[in-house]
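Have a look at these structures, which come just after this line.
In the two complexes below, subunit A is the common chain; its partner is subunit B in one and subunit C in the other.
Showing the complex of A and B:
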């Protein structure tokens, strides 16, 4: 277990380093960060120079890179030009909305996909399998944002049973633990959550199903049948257990996909999370905010994947020797 | 590389013939292929099919579907049906070029990493793992937003480059694991014993054996590239100078078409996107089932 932990820690840290290094060079290589100021006739070259030395932009690239690393690890991610506040503050105020959306969603969707996928694989080519698997294939082809638009159009515009936008009704104020506030929050929560979980679980089912089918033909399954092991025990203890290794590998990667889904879903529902913020940062050309969101969201992916791997390693010791 | 041109054409004929057999045998693949060909024809013959020029103002803005404008007009008075037909071109073009480039990168990295092993493998696989664990769309958005600041090349080129740069890691992993098992085969050992060079072994002995998974990966990547392209368009990062389905939905949402109930503006592009992706997935799954019969999707 200790070796597995160290190995996992090593890959997590290298991943984070690769990502932040990549972000640094991507931003520097694609343009001058002060281009807009330099083009502005109201700002004299002297001012531009002052800003350059103030932010250390006149120093060689490796010094800038080291400063950047120090800043990132110190939680200093720059200043949002649109919100006129430090990037880290802006992100921290919005991150809870997204995490409260994503973490229940990933848990539930993995559970649903596991249950339905095992059922489909077990009863393959039955009517049940046919219906679930074809739905999964169709839903996988529908883009997240369009699915969200359909839900919004049907439930909020046509049926008028869910709100049109936001996470809280205007005028309800900030976070409080009163029943009214929580009900209002859940009322706004239900639609984005359903869209995310629905598509994520259906997209996962074919993988679970094919992993299960790979195991079905193994000799020990035939032996278990022959010696009269109860069917339920064969299904969960012999087949699903052994398929779990390859399923865990795929499930570990789902959180990153869900973030992509959250960006699109939150944009449609005007949900005030970090996903919606990505969209706003693009519209407002707020590159420092965009850079900060990417670093924080990637960090959350790395941490969540680490935790998921840890849980799986506890559930199934073979994961450690992968 | 001493294969004669004639032999190469012969190989190509075999591949095409095999593809036709797969399409004929597999109902899923057949259905997918038919839908795909319809959309492809729509894209190719757009000039003849589309009732209007999608870039010109042809009617009153925001008019609902009528006899003159089958799917109504958008906020600047362009015909939505014509926009849809021309939009097929963008998705197909970006999807295919990006998928081919992405698959090429993935196969190359997978081959090198699997064949050489050791330090090269460690570095390449760390990079692949990093790329696999980051949210693809988020990074695509980031890179497209950054490159849109540069005026070096048209937006459509930078979208293609960025999508291909973010779609290779899965393929690299897949190819690498296959190379690792093929590398142990006796015929590779004999090829090494006979003094074949690494390049010869990789391209002459290993590559043909992973061709089936590369073809399947190429098809699946095309579908994913199209989904990424429309998502970018939806977020307003598409090329504003060409019509695309993603950008159509972007403008529809921006002008509150959902709340105003103008379904003819945002429903048809979504249906076409889903049909196109679905058709490509179906063909891909048909191919996968053919190469790996243990796997049955439906």
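Showing the complex of A and C:
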């Protein structure tokens, strides 16, 4: 176990180092972050040069790279060029909304997909399977932004039961624990949450269903039936548990990409979050913010992968920490 | 010109009520004395109208919350470095300025008297007495001097380039200051003073002392650091959501009518549109596509303002590269562009045909625009063919395309940014027009690219031609930035070089006499119309929706969106309108109950399904 952990730690650090190096050079290939200022009639080249020097952009690339490595390993993500604030502050101001929206949504959609997928696979070719699987395929094929706008149109414009935009009503204030605030938050929360969960669960069902069907044909399932194991036990303990192995990675990694956010949801429902922030960082060539986001993303992928490996061993005793 | 074009607007009939309103307001503007400068006993007194003139005759009905949707969240609250339009919009209500440009004329806000010394090396400004910052401290000449000092000394500040001619600032007394100049700067009042928010010295001096240049990375504490002397105070900012202001009751020339102002961030234009239609916001600060205008106008209580942007969209020609360095060749190209068709068909009438002399023929620029040039270079392919024949560009091998005078195949590229569908289409249209030149076309290849990848190439003059939208400036001296041939050529991306234009643009910044300045501006426009360094295609007009059922007093002018500074000062509740707060609370709780009931029903159904079918 100890050796396993050490080895994982070693590979994780190597991966992290390679990724951050790649990120550093990749974002610098995307163009000059101050290009827009250069055509601004209010700005002279001297101003642009001074801003570049204050943000260290005038230094040779290798110096910038060394500074960057020192900063990253020292836990410092730098200053955002667009927001002119520490990167960590920018990310933290948006992260709570994303976490509160996405963690419950991913968890619930994973759960729904698991339950419905198992049911579809178990009763394959039944009416239930036909209805659920075909709905899943139809919804998966609809462009997400269209689906979201449709929900918004039905619930906010026609039925007028949910608000049109935002995570709270204008004037309600930032995070607070008062009942009024929580109710208002939930009122705004319900539609983006529903759309995200609805779409994600339906999108995942076919994976669960097909991996379940693969397992159904195994000999041990036939044996279990023959020796009279209760149906429910066969379904969940024999079949679903084994089928889950192949989809645990897909479901688990969805958490790793949290900070990537739900950019379309955030845009359409005017919901604050890290998704739009990432998009704007790319548009504005905000090197440091982009680096910061990718570093956090990499870290979360590495951590989640590590957790998934641990869960594998729990699910499948054949997997040993070697 | 402007009004002639309005006749071409596709939905002109539906727009008549707005046009009437706009005309009334524009008419208002015309009746107010135009800015002028007159020689006093000692120097040159700058004349302007007091800003309160724009508020005269509007009733003082207090109350109400004005909600405006903003398409993007501001990124920076530090005014020294704020550069995006959205940053400047959200900071504008909290600060005062010495002067402003309102409907093309100079309006005095904090300034009471402005006078140039006879040699134009000293500008004396007297400010009003009794103006206070939000924290109760008195606004004095020391604050004004501090602001100018910071802007002229710190090269990283956004407006620094307007203050490079300032040598020093001297405070005479609490309400008078002298600005000393290294070189005369005729555009200083329009360019620099009209955009300069007066920053409180007592707040920012300690910050500058402790951080120095690092203030560029300073994120002001909200609301403590965002103290100004403007009509509104920021009370709350919820990132990603909204920013809320309350009225400054001690605003020095009387409080605005509305109690609160809220900017809500709505990134998706369609949602912002719905929000205006449903009355959840009173105006939009972004713009919508022309297609939705009829639907908006059919919504009761919604009106549409046509905002004209002074960005000049042009076909940039690399004046350093052959054959674009040949004036006659550029002229031939100018005859191949149907500017009217672009505005009429591509922009659906929501645009103004480009002036060959670049200067926009409307708003603040109208007084400088040489309108006689507007009629030059109408679409005429035969004329283009004639010029090209003379230059030796002829179709020798009969393949339908013209070859170079020495018989080589000839083609060039037109770069257009992928994010702007209009410019992409313009590139295709130009290429089509060029291919139709009688006696053989010119082969132009439209290249649709991610803009930031081609920008360095334009800067280094490595590409043939491109479609670009470039900004102007409050004072006509912006022509120097776009047309002067100085090395490094920031702004003059086409690398145009003409010693006479260099001299004239320099003269524009050192000439103070208005009549003389105008004649210089006219002359420059004549020369560039003759030289065609670039081909101005159009200026865009953007439909902006706002509501007229709740608030009155919107200040509608061609070059400002409806929710502008003057609107904020004079907009007031209509007498019979109900406040929206009560309504929205009702809707909220009702909706919440319905949502809860729906949730309970869904849970019950799920439980039933689970019991009956799952196991």
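The rule we apply is simple: the second predicted complex is superposed on the first by the 208 of 322 C-alpha atoms of A that agree within 3 Å, B and C clash if a C-alpha of one lies under 4 Å from a C-alpha of the other, contacts with A are read in each partner's own complex, and residues count from 1 in each chain.
To be clear about the criterion, a residue touches a chain if its C-beta (ideal position, glycine included) is under 8 Å from a C-beta of that chain, and two chains touch if they have at least 3 such contacts.
Since the structure is predicted, the reported quantities are computational estimates derived from the model, not experimental observations.
By the touch criterion defined above, A:30 reaches both subunit B and subunit C. Contacts of A:152 after superposition on the shared chain: both subunit B and subunit C are touched.
By the document's definition of touching, neither partner reaches A:315: not subunit B, not subunit C. Applying the stated contact rule after C-alpha superposition, one finds that A:45 touches subunit C and leaves subunit B untouched. When the shared chain is aligned, subunit B comes close enough to touch A:257, but subunit C does not.
Of the two partner chains placed by the overlay, only subunit C lies in contact with A:166; subunit B stays clear of it.
Of the two partner chains, neither subunit B nor subunit C is touched by A:66. When the shared chain is aligned, subunit B comes close enough to touch A:141, but subunit C does not. Using the contact criterion defined above for the overlaid structures, shared-chain residue A:278 touches subunit B, although it does not reach subunit C.
Across the superposed pair, subunit B and subunit C both touch subunit A at residues 30-31, 35, 149, 152, 157, 164, 267-268, 285.
Remark: subunit A residues 11, 14-15, 18-19, 23, 26-27, 30-31, 35, 124-125, 129-130, 133-134, 137-138, 140-146, 149-150, 152-153, 157-158, 164, 206, 210, 213-214, 217, 253, 256-257, 259-260, 263-264, 267-268, 278-279, 281-283, 285, 287, 290-291, 293-294, 297-298, 301-302, 305 touch subunit B in the complex.
In the complex of the two chains, the subunit B residues touching subunit A come out as 126-127, 129-130, 132-139, 141-143, 145-147, 149-150, 223, 227, 230-231, 234-237, 249, 253, 258-259, 261, 263, 266-267, 270, 273-275, 277-278, 281-282, 285, 294-298.
Put simply, subunit A touches subunit C in their complex at residues 30-32, 35, 37-47, 50-51, 54, 79, 82-86, 89, 93-94, 97, 115, 119, 128, 149, 152, 156-157, 160-171, 173-174, 183-184, 186-187, 190, 232, 266-273, 276, 285.
By the touch criterion given at the top, residues 65, 67, 73, 75-76, 78, 81, 83, 155-162, 164, 195, 213-214, 216-219, 236, 238-242, 244, 260, 262, 264-268, 270-272, 274-275, 278, 280, 452-453, 455-456, 459, 468, 470-473, 478, 481-482, 488, 490-491, 493, 584, 587-588, 591-592, 594-595, 598-599, 613-615 of subunit C touch subunit A in their complex.
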